[in-house]
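Quick one: the structure is below, questions incoming.
Just so it is clear, A, B, C and D label the chains in written order, and each chain counts residues from 1 on its own.
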């Protein structure tokens, strides 16, 4: 890659990632897991294009499934943790009641955790999609 | 709240969702975990579904507020007797298809991709389970789409021609689901709610509104595309023919029923019979389309030479039965509800055996089946029993449906459907008996190994059940009674 | 004992046959034992628990899946079950002599066919009747197409092509009846009511639904089905299938429509014309037929339509004639078929002109054949005379004329076989009682021939005449002449 | 009479977003079903789905057309005009968000299939591919 691209990339990457992380936790602000994940993924793709480095497929797989696990797992956990008193995805009823006493605040906190999970999954999906389509010219997609 | 049983609807969906992510996780270490995980997850779901059904038998519906948000603003999962019944059908056939899947997947799918196969498989199952439990129109769309997207990918896994079949399915399926969304938009514009129960109440005032009528038409077109009702069936035969055997089994039994159930739900729980009394033309049209589908599906099946495609066309005809039953009053509901299960029983056995012939011998064409009746007696027996049931010979499962539909058309005084039903059962005699004749009465083959146990026994059980169901239905007719009462069709 | 037991026995028996398929001796023993037990159960029912019912479950409001052992049904059941014993012994000999394939399937379907026949006999209402009617079609198909040649397959196809649509017609008629009356239970004297035009239409549907009784023009499945092995032909054409057809006609005429309604709507005349036409035409066709079994098949059509004709007279004696002719014809016709099968198995002869001189060596076979031929022609001292005499007693001049013509034609095409067999030369000589297996065939056919004569002298055997007159009283009540 | 006609035209024009919806819907449906190139089919499908999203957004704007109909609701979601509450219903927006995700997923699966079909057969023409089935 040309110097211009590498320089610009080097300059812009931290900002992209910072913005990505900001957008990622979008419960009380703009954005959300999906958007944040996409921004992070695009920063990673930019990095991969510029510096030509690949990524281990296994990590992406792990991220993908783990992110989704967080999403569905927390939802299920709310049910079990509250001994079947709270509903699926009813975040205010989760654990951490000692740390964050106020239920609404607790709900927001857990929702952010979920957003992070979604972000991880989206990030991994987009990156692996990129590598599938572009990087691997021959295989079976 | 406070009891596990209240949470079962959502857990039945969540467990396979979690399972599907777990399969991906485990695939980092081993490729063998997919099958046992899927098997246990679908079994747990089956147990949950049966528990729900048992519980609902004794009292009303389970209403579940997702995330604690009160409907109609939050998403409500609402399982009444019909939903529980469909959930049992979905989980039962998912479980059986999973049992069946093992050997065919080992043979048909690239080892590297087998974990993905089971991931998508469980995603498909959770989508279908979600449709059965949800009480929200938009949520239903999401679950249908989850199931459909998983299906597209699963079909494509067979490679080669399956890619094209899958793409055709994708285009028509996506257009269909978009029509569903369009219907939702119109309904939302008219009522301002997405909750089925709420919409039902609000619609009572505006049955005459053109927007409401139009929304039903869009719903109908969209779901007709998804479930391959006659003029929209073009994607289906190829998709069934080229997809992996296990996928054919699950989509022909569970997924097709889920789509039919969505229409069932819309007609009887959202729009209600009163709407159609005010606006009878649409019911007449529906009945005509369904009848055309019954006849056309049967005729196309007669012309078909490939076994799986022939069965696919027979499915087109049978979807016609279900949709026709919707328009035939109380007995029609009996027929439709019974046929959701009956058709799955029969088609499961038929597709399992058809897939088994491909697995063991690579045979796809009907005229190559010569002599298999004595070469593989048990598999052929399963096929023959299910085929006899499809024809509607008493006392099989198919006969029960036929009887209910005939009673329904007598009851509503629409005698033309008697002729349609009888014509269709005679046509199905032609195309199914052709197969039976070739299996048993033609050619000779040496005795060969039966299918592997994991493929044979599900097929055999389904075959026997498709005969016995005809009798068993009359012992468990309470479920049908309760469905009719719950839907308020009298 | 409840009638459901009579169904349970052959059902369990057939499953046992399927399981023990690998051990032919055990399987064949079970087959015979099942036949014997069924017969004893049915005999017990006819003696001790007449009119007992067993209700299994409810199908729809007003329709139960139920059985009732009424006199008419018992006559049919007794005929079938008693003949089944002999035929199952016979078929062991026949199948083993010819080393047929797929014997397990054969015996299984055989037992299931009898199961269905008992179901038809004991059905309490039209729906139950219909269910077993269809089952009978399905389970006799593998028997018809047993040979697995192209000819057999095409015969099988034709068999289904006639009988399944006919079954659909029966179903439609049944449901319309249900719609009209809210019940389908057979009632002596009839229960159907409604608009005369609809009722007439339903009768036509019922008639189309009785294609099993092989009246013209719905007869052509019967001669082609003759490609089946001889025991099957015997079963089909003397016991289960065609008798189920005529039994159904009697049921519908007397237990659904009733004498009064039939007279009022002139449906008896319609039925009589169809039957009379078949009686004469079948005999004329039989004269031109050269294949022995097919010739006998035409004779079957003639005799079946005789039963329908007698029933259509709507006269107590006519009813009696038709009911009594079910067992009588069963015994006589099965004798003829078993003889034809024995000739085919022992001498390998199928055509009529090949039979010259065979009577000299196959003495028992041709002796039995002679008895059957006499019975067919309605001459004493064979049972066929009794039923024809009852028709004469009704005094209906047209019916008597038809029967006379038919009997003369019967003589024309059956007696030359007897004459040529005994008095012409040629044909070679065979050892009739030579092989062990041959006796399995000769003994049953001798017994049926014997019983054809015994039934003439003692029509009360197995309660047959009692049951028939009880049925007559049921239908006519106190208005008997 | 003339005024009536003018007002009619204004009324019709006032529904411009609905007209957009109808036109896009027709274009998209035609593209998805009639185009021979598989890729164009996917494009058509996307247009079709977008049209529906447009409809959702349009119906979210509650109470606009009582006046002239040319104004569309914007954030803030609630505000008070002279004598009526005007607001934009947020639910359809949420639905559209979900719908977009679903549509994107469909598109992704479709494109993945197209790539594999192209690798397998070297063509994306539907007529040519039909012979393969």
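Simple rule for what comes next: a contact is a pair of C-beta atoms (placed from the backbone, for glycine too) under 8 Å apart; a residue touches a chain by one contact, two chains touch by 3 or more.
If you're wondering where the values come from, they're calculated on a predicted model, not measured in any experiment.
> Among the chains, which one keeps its Cα centre farthest from the Cα centre of chain A?
C
> Tally the contacting C-beta pairs at the A-B interface and at the B-D interface, and name the larger one.
B-D
> Determine the centre-to-centre distance between chain A and chain B, using the mean Cα coordinates as centres, and give it in whole Å.
Averaging C-alpha atoms per chain gives centres 35 Å apart.
> List the centre-to-centre spacing of chain A and chain C in whole Å, with centres computed as mean CA coordinates.
78
> Report the inter-centroid distance (CA atoms only) between chain B and chain D in whole Å.
Roughly 30 Å, centre to centre.
> Round to the nearest whole Å and give the separation of the Cα centres of chain A and chain D.
Whole-Å distance between the two chain centres: 29.
> In chain D, which residues are in touch with two or more of the other chains?
Those would be 116.
> Which chain C residues reach two or more other chains?
none
> Which parts of chain B, given as residue numbers and ranges, touch two or more other chains?
As it turns out, chain B has residues touching two or more other chains at 159.
> What are all the touching pairs of chains?
A-B, A-D, B-C, B-D
> Which of the residues in chain C end up touching chain B in this complex?
On the chain C side, the touching residues are 57-60, 65, 102, 130-131, 134-135, 137-138, 142, 145, 148, 152-153, 156-157, 160, 164-165, 168, 171-172, 175-176, 178-179.
> Which bits of chain B are touching chain C when the two form their complex?
Counting only chain B, the residues touching chain C are 374, 388, 391, 393-395, 399, 403, 406-407, 410-411, 418, 422, 425-426, 429, 433, 437, 440-442, 471, 474-475, 477.
> Of all residues in chain A, which touch chain B in the complex?
Counting only chain A, the residues touching chain B are 58, 61-62, 64-66, 68-69, 72-73, 75-76, 79, 83-93, 140.
> Show which residues of chain A lie in contact with chain D when the two form their complex.
34, 129, 132-133, 140-141
> Per the contact definition, I'd like the list of chain D residues that touch chain B in the complex.
Going through chain D, the ones touching chain B are 25, 29, 32-33, 38, 41-42, 45, 48-49, 52, 55-56, 59, 89, 91-92, 95, 98-99, 102, 105-106, 109-110, 113-114, 116-117, 120, 129, 132-133.
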